[in-house]
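The next block holds one structure in the form of structure tokens; read it before the comments.
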Amino acid sequence: MNRYRFVLFRPFQLLPVLVGISIITFVLIRSIPGDPVRVLLGPRSTPGAIERIRDQFGLNEPIWMQYFYFVKNLFQGEMGRSILYKVDVLKLIATRIEPTAVLVTGAVCLALLIAIPLAAIAARNRGSAADHIIRLVSTAGLGFPAFWLGIMLIIVFSVQLDLFPVSGYGRTFVDKAHHMVLPCLTAALALSAVLTRNLRASLLAELNSDQATAARARGLPEGQVFWRHVMPNSLVPTINLLAINIGWLISGTVVLESVFAIPGMGQLLVRGIFTRDYMVVQGVAMCFALATVLVNFLADILTVAADPRVKL
Amino acid sequence: MTLARTQTARAGFRLAFGGGPLPLYLGGAILLIWFALAVMAPLLAPYDPIFQDGTARLQPPNSVHWFGTDNFGRDILSRIVWGARIDLQIALFGVVFPFLIGTTLGSCAGYFGGWIDTVLMRIIDVVLAFPFLVLMMAIIVILKPGLSSFYVAMALVGWVSYARLVRAQILVIKSSDFVLAATSLGYSHSRIMFRHLLPNAILGSVVFSMSDAVLVLLNGAAISYLGLGVQPPTAEWGIMIAEGQSFITSAWWITTFPGIAIVTLAMGFSLLADGLGELLGVRE
Amino acid sequence: MSEPILSVRDLSVVAQVEGTTHTIVDQVSFDLQRGEILGLVGESGSGKSMTSRALIRLLQSSRLSVSGGSAILKGEDIFTFDERAMRDVRGGSIGMIFQNPSSHLDPVMSIGKQIAESIRFHKAVSRKEARGRAVEILRQVGIPDPERRYNAYAHEFSGGMRQRAMIAVALACDPDILIADEPTTALDVTVQAQILKLLTDLRDTRGVSIIFITHDLGIVSQICDRVAVMYGGRIVELGGKREVIGSGRHPYTAGLVACQPAEGHPGERVRTINGQPPRIGHMPAGCRFHPRCPRVDEWCSTVCPDLVTSGPGHQVACHHPIPHTPAEAAT
Amino acid sequence: AGVLTIGRREDSSTFDPIMTAQNIDFWVFANVYDVLVRVDKTGTKLEPGLAESWTVSDDGLTYAFTMRDAKFSDGSPITAEDAAYSLTRIRDDEGSLWSDSYKVISKMETPDPKTLVLTLSEASAPFLSSLAMPGASIISKAGMESMGPEAYAEKPVASGAFVVEDWLRGDRVILAKNPEFWEADRVSLDGVEWISIPDDNTRMLKIEAGELDAAIFVPFSRIEQLKQNPDLKVELDPSTREDHLLINHESPELAKKEVRQALDLAIDKQAVVDAVTFGIGEVAYSFVPKGALYHYADNLKRPYDPEKAKQMLSEAGAEGLTLDYLVNAGDEVDEQIAILLQQQLAQAGITVNLIKMDPSQTWDMLVAGDYDLSVMYWTNDILDPDQKTTFVLGHDTNMNYMTRYNNDTVKQLVADARVEMDPAKREEMYVELQKTAKDDVNWIDLYYSPYRNVSRANIEGFYQNPLGRFFLEDTVKN
Amino acid sequence: MNVKPAPLLEVTGLNVHFGGTGFIPGLRTPPLRAVNDVSLAVMPGETLGLVGESGSGKSTLGRAILRLGELTSGEIVFDGTDMARATVGDLNRLRRQSAMIFQDPYGALNPRMRVGDAIAEVLRVHRKVPSSRIGSRIAELLNLVGLDAGYANSRPLDLSGGQCQRIGIARALAVEPKLIVADECVAALDVSIQGQILNLLMDLREQIGMAIIFIAHDLAIVRRLCDRVAVMYLGRIVETGPTEEVFTEPRHPYTASLLRAIPDIDPDRGLPENPLAGEPPSPIALPCGCAFHPRCPNALPDCSTGEPPRLGRDGPHRAACILPPGEIRI
């Protein structure tokens, strides 16, 4: 069990990261020119009203005091009030977190479902037409802007074929799953391109590895060699690649949620940035950071579980 | 045996050079074509890329406007050819600055270790944990939307990948015999770092930078989609797609051609990355 | 003499490098008797591993291929087998022990499972039975506490134990032939002695035949019955160990014996063979050894000598073999 | 019968009427709350809402309202006290965004549950109009006091045709018919869902796929194509939206009236209408939008004449003029206008630097006077032109809508018009104001554009009045 | 009696520990004692063989002596200065007077540098010769190791292992060292090349008179080359003495087992009857008492308790074993 010892220490290492993130967001969002209150009041704003509302949200305090209040609130389980929505940010996040989580997990699962067989075919038939096609398609798949791809998928699968709803999130479990297929697919396509390329490379290296040769020399059929000895050894780097890309994937939701009208955190964040809703940006960014960190943590655990050699 | 293995590696190296990986040539050719188009844009583009022809708005591809025109009557083909200049520049600068910053910091951290390494790794953790598109948006908004802000944001956000990559490489190479030999011969830190470590550690980053160029291009497009990209009326593919968004169902050509342009350029870069990786025996 | 269990004739392996074809293993022929240990010696790159890999038809790269020859195993030529039949040969009839056990064992599958896996593939036995046999084999190769070690991973073993595990995996299906490709080169002498003892014990108790690849003449003289000396992809001398090592007739064999550091006194210069071993693509014409040979003449550089019998069970491929006795030399 | 699903760009942010200034919220308020006085369907007249009738004293200082027999969605009666409470809140609450507009109320009395008497500190012609503003929606005093503002803003006690059944934040607002609504028999729909779909393409694709009954904010570019679709009805309802080019009068060259007039001449508004609105809009010539109260139809329409513009510029010594044009990043229409104007002004010899800025930041720069030109738009919240005129010409605290236009006669006239109670005289004053503004080129009017909505063919009466109110109580889903 | 010359290198009580991190006491990993209380001395011009099984700490010791790795404690007096507590200047002096030859001939050369450049770099950094003479000095050095001057232009990957090893030696000689640490420098080479390198080292030792610490696990080579030999087991030196004495009369059971296990080229001698049993214990959890006792054929009950026996103090031939000399047979 000693190998899982890092599980105990890791949370301590996360703390500085979270503190760093909170400080960066805090300073960053406040250094963006533009005033949330002015945005809130729109063209009809008057200096008096602006002052009054700023006071109400404590925006006239010095920045370090604001940070102090933020931290203090955090200990009381609050994240501060959204200027636009006038509720506690934590509450907003609570209603928005599920779609984003579903989108990201769905995309990852779908990407794996696409990438593993493709990489397997490509690697096992290295140099064949199938290999070249898969490599080319995955190379091209990397190059599509997500927002464009999303619309194209909607046109084909929703409008023309009427297989999936155009947008939205749905309410029952099945309904949600139905709604999330296209967005997950859009995110998964780009991700699977990365994964396929990478997994193919690992598989190729592993197929030529000594241990695979040894397995063949024991008379195991190629299929067994591949799925029992080559694949498990190649998946570890893929898990880590996935973990590294999770931040990228989460950023991607910003665009996808807007294309597919998914009521998730990405939309919340973008509106937060454009309306300078400090607390919302702060909260969502922290949340994203926490998710990234947790996913990496999970990847570490998986790596340790998958590869008995790894010690962390 | 080590010896035999080195020999085989050596043979592989030569094999790759002699036979030549196909992706390398293919990718190189695509990039070269785009580069040539960009350089010769004034000669090749049939129209002024920003000239608005009120009489020729939203024309589908035809013999006069091969790729059609947009809602201002601007010739899409000309805009794509001119856009190649900007997009190649985006791919270049969007990679060069992160590359320089990342390799410098990463190699320092890897070589010196200790607190420098610890601090840098924590910073990397923070930057990585941050949804980077958001970080970029914030930085761009602070600096005011535009290309140069995009480069700055890209540099501030993108260096971490290079730093991680180089650091990992340096850590491996640092413990190799020839570095130990260099130390035993009393070479200075800077000599070991620049003459012995970096030339060997940097390959992986060079290959990565090619595939990174693809991400940079797409980032540029996403940033344009969110409205923070280059200044209009500059012809740039990302902004062309973004502007053509509203016509995606009525005038497909406005977005499709720049879309294809991005995809081909991206493919060129990834193929080149593949080929280089194969050639130099580097895995991503 | 009884029927050999494996009879290799004119085995050649070629490699495609940069569009040209290089012969890496050139017309290698030898017999392996039941219960015999045949040593295959020669320096790095002389084609020892390639020969052994060709016998289980597992060449490392698609650029390599067997270009001719036959290998008769129990009356059938394995080069005519299809993939299915070949699988039964691998592991079933021929077990392979590799030089570097840490890279040849699956790092993420427990040792015991790897053994049980091949048992289950070659013999129709239940999971439980396979496990029982695996534990038994682990015990045989001298792994202490085999039940517990069944679930251990390769990295949890010491180098010597890893090599034993490797041997155990090769033994899983009771093969008739073991090919051991430099199984002790990575180990230290004390552990090496243990492994060599284990292999000779296996030969004695199970009657397996072993092809033992090494470049250590000391090992050869300790455990082998017969020796084949390879140089530049060809067998240059083949015979009983006493004849080959004690009175090798090929100049290369003689040189090899002479340059063992143990042969001579402290402080004395070591005898050496001049020049460098040939490299692939730069194979000299004629006898491959002629650029380094003290007995060379023009003939050597044009005509490649064949392996000819020069004594009972002793063959040598040289135009000017070293004479057996001073008397012979005089003539 | 049935539930009407409507796609829009953003989700509501709150149901507390005083906490928001956004149309997106207001348009739903009008479904959920009733007001004392309503604006009619044509957007030109006031009509009774929760106030059955009212009288105004001769000096214009005292308003007496008689409340209708109506109930909140919780079944409690709507009393004068609730009305007074609502108005007090919008005037006095700390978080109210609208207090300035209601400061004019000096006293509120409720002699009996049916009577509300308001006393103003000075006469105000637009006052009655301002009571029709969604911010002044009537909320339940008891409800607000028992639930607290936060919970009320989530699920209010409704006084209008619908009640908030559920609100999936970021996704949709689900309204159900309010059986207690005093005009409940007028309402045919069982409910309404306002669904947020930020991407224009997606929203249109969704209605084309039949997943929505209606969608608002149809992009100009799609109208022609949607009209072809027999399953859809595209509605272009007149609005009070006017797009204009702000001019910073404090920037040295632009301080000269002739230069500003030259700019106006150099801009081909019809080309803008054609390219940006696909001919759907209409060239604007007065800051009072067409169809709105006191709009002056004969106002000066400066022709497009780049040559004359050039000449005027050189006469004014402003040749080779270079101007900074602030563009709102992410706003497609803004960017399109900017690109067009850049080319047009270039023909009059004016160099325009486009500076793309994030909208919140543009706002700051406009306030700081850090610009020469910038496009903005305005839609009226109330029927009366006073609100907009004050903001644009009345030397309010916002520097005449950031233009820094400075004309004391105009300022005086705006103030006078506000207290003038005679409609005929007021009209004259407003015509005068429109003429002067045009002559001074306080800004450059670009175009008027309609509300652009689309509904499925089976939807009837999906209509928006010029102030933006949807009459969902009259909408029918077949 | 003539005065005993001062040793070139004197190591006293050297320890190198790896790991042992973790700030929560219960979960701390114990350190790996790669080199454990080692003392040795090397005279100028002397060749000391360092043998022992894999993982016994030979390389670690060799590196620590040249200050190429971290060391935990101990003294390394080189030419009168304690290098364990050296200043930057002292270290520079150490670097100028010592060199290392590595096991992997390819790994020790920067694959991106031409052979000539690699040697020139040393000459330039240490300002050994004026820059005009660098070319001729490179040729000299290459000749010294038996290579043609033309090799200066080739890259490491184009050379054979033996040639690369020669380049490595030439580069080491460029600093004109008083002490060379050769870490298994022939283990990776072909048998027929091995001899060439050994001869080269013997030639150079005679011509230049440098001291060599020769690390190997091939005892036959050590016997051929070295004046004295030190045997390591699990981080400790268990026996040291003049080579011939140690080989003919080992005083430590481990040395005896090692000698027994050397495969003999004599075809008439078969395998040793009973090779050393068992596996070496993990260097992290060393057994109590003598680290060798679990595998020792002569172990006494006392061996498994108390402090490990220390190297004897008297005479050139010393062993860390409680058995009296002569008890141990090969």
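Assorted remarks:
We call the chains A, B, C, D and E, going by the order they appear; numbering starts again at 1 in every chain.
Here, a contact is a pair of C-beta atoms (placed from the backbone, for glycine too) under 8 Å apart; a residue touches a chain by one contact, two chains touch by 3 or more.
Please read all numbers here as calculations on a predicted model, not as lab measurements.
Between the contact lists of chain B and chain C, the overlap consists of A, E.
Farthest chain from chain C, judged by C-alpha centroids: D.
With centres defined as mean CA coordinates, chain B is found 22 Å away from chain A.
Distance between chain C and chain E, defined via averaged C-alpha coordinates, is recorded as 32 Å. Rounded to whole angstrom units, the spacing between the C-alpha centres of chain B and chain E is 48. Mean C-alpha positions place chain A and chain E at a centre distance of 52 Å. Residue positions of chain E touching 2 or more other chains, listed in rising order: 161, 190. Chain A has residues 32-34, 147, 151, 155 in contact with two or more other chains.
Of all residues in chain C, those touching 2 or more other chains are 44, 279, listed in ascending order.
The touching residues of chain A, when paired with chain B in their complex, are 16-17, 20-21, 24-25, 28-29, 31-34, 135-136, 139-140, 142-148, 151, 155, 197-198, 201-202, 205, 244, 247-248, 250-252, 254-255, 269-270, 273, 281, 285, 288-290, 292-293. By the touch criterion stated above, chain A contacts chain C in their complex at residues 208-211, 213-221, 224, 228-229, 232-233, 236, 306-309.
Only residues 23, 122-123, 125-126, 128-135, 137-139, 141-142, 211, 214, 217-218, 221-222, 225-226, 238, 241, 245, 248-249, 255, 259, 262-267, 270-271, 274, 277, 283-284 of chain B touch chain A when the two sit together in their complex. Looking at the complex, you find that chain C touches chain A at residues 56, 58, 60-61, 87-92, 95-96, 98, 100, 103-109, 114, 117-118, 121-122, 153, 155-156, 166, 169-170, 172-173. Listed in rising order, the residues of chain E touching chain B in the complex are 63, 66, 68, 91-92, 95-96, 98-100, 102-113, 121-122, 125-126, 157, 161, 168, 171, 175, 188-190.
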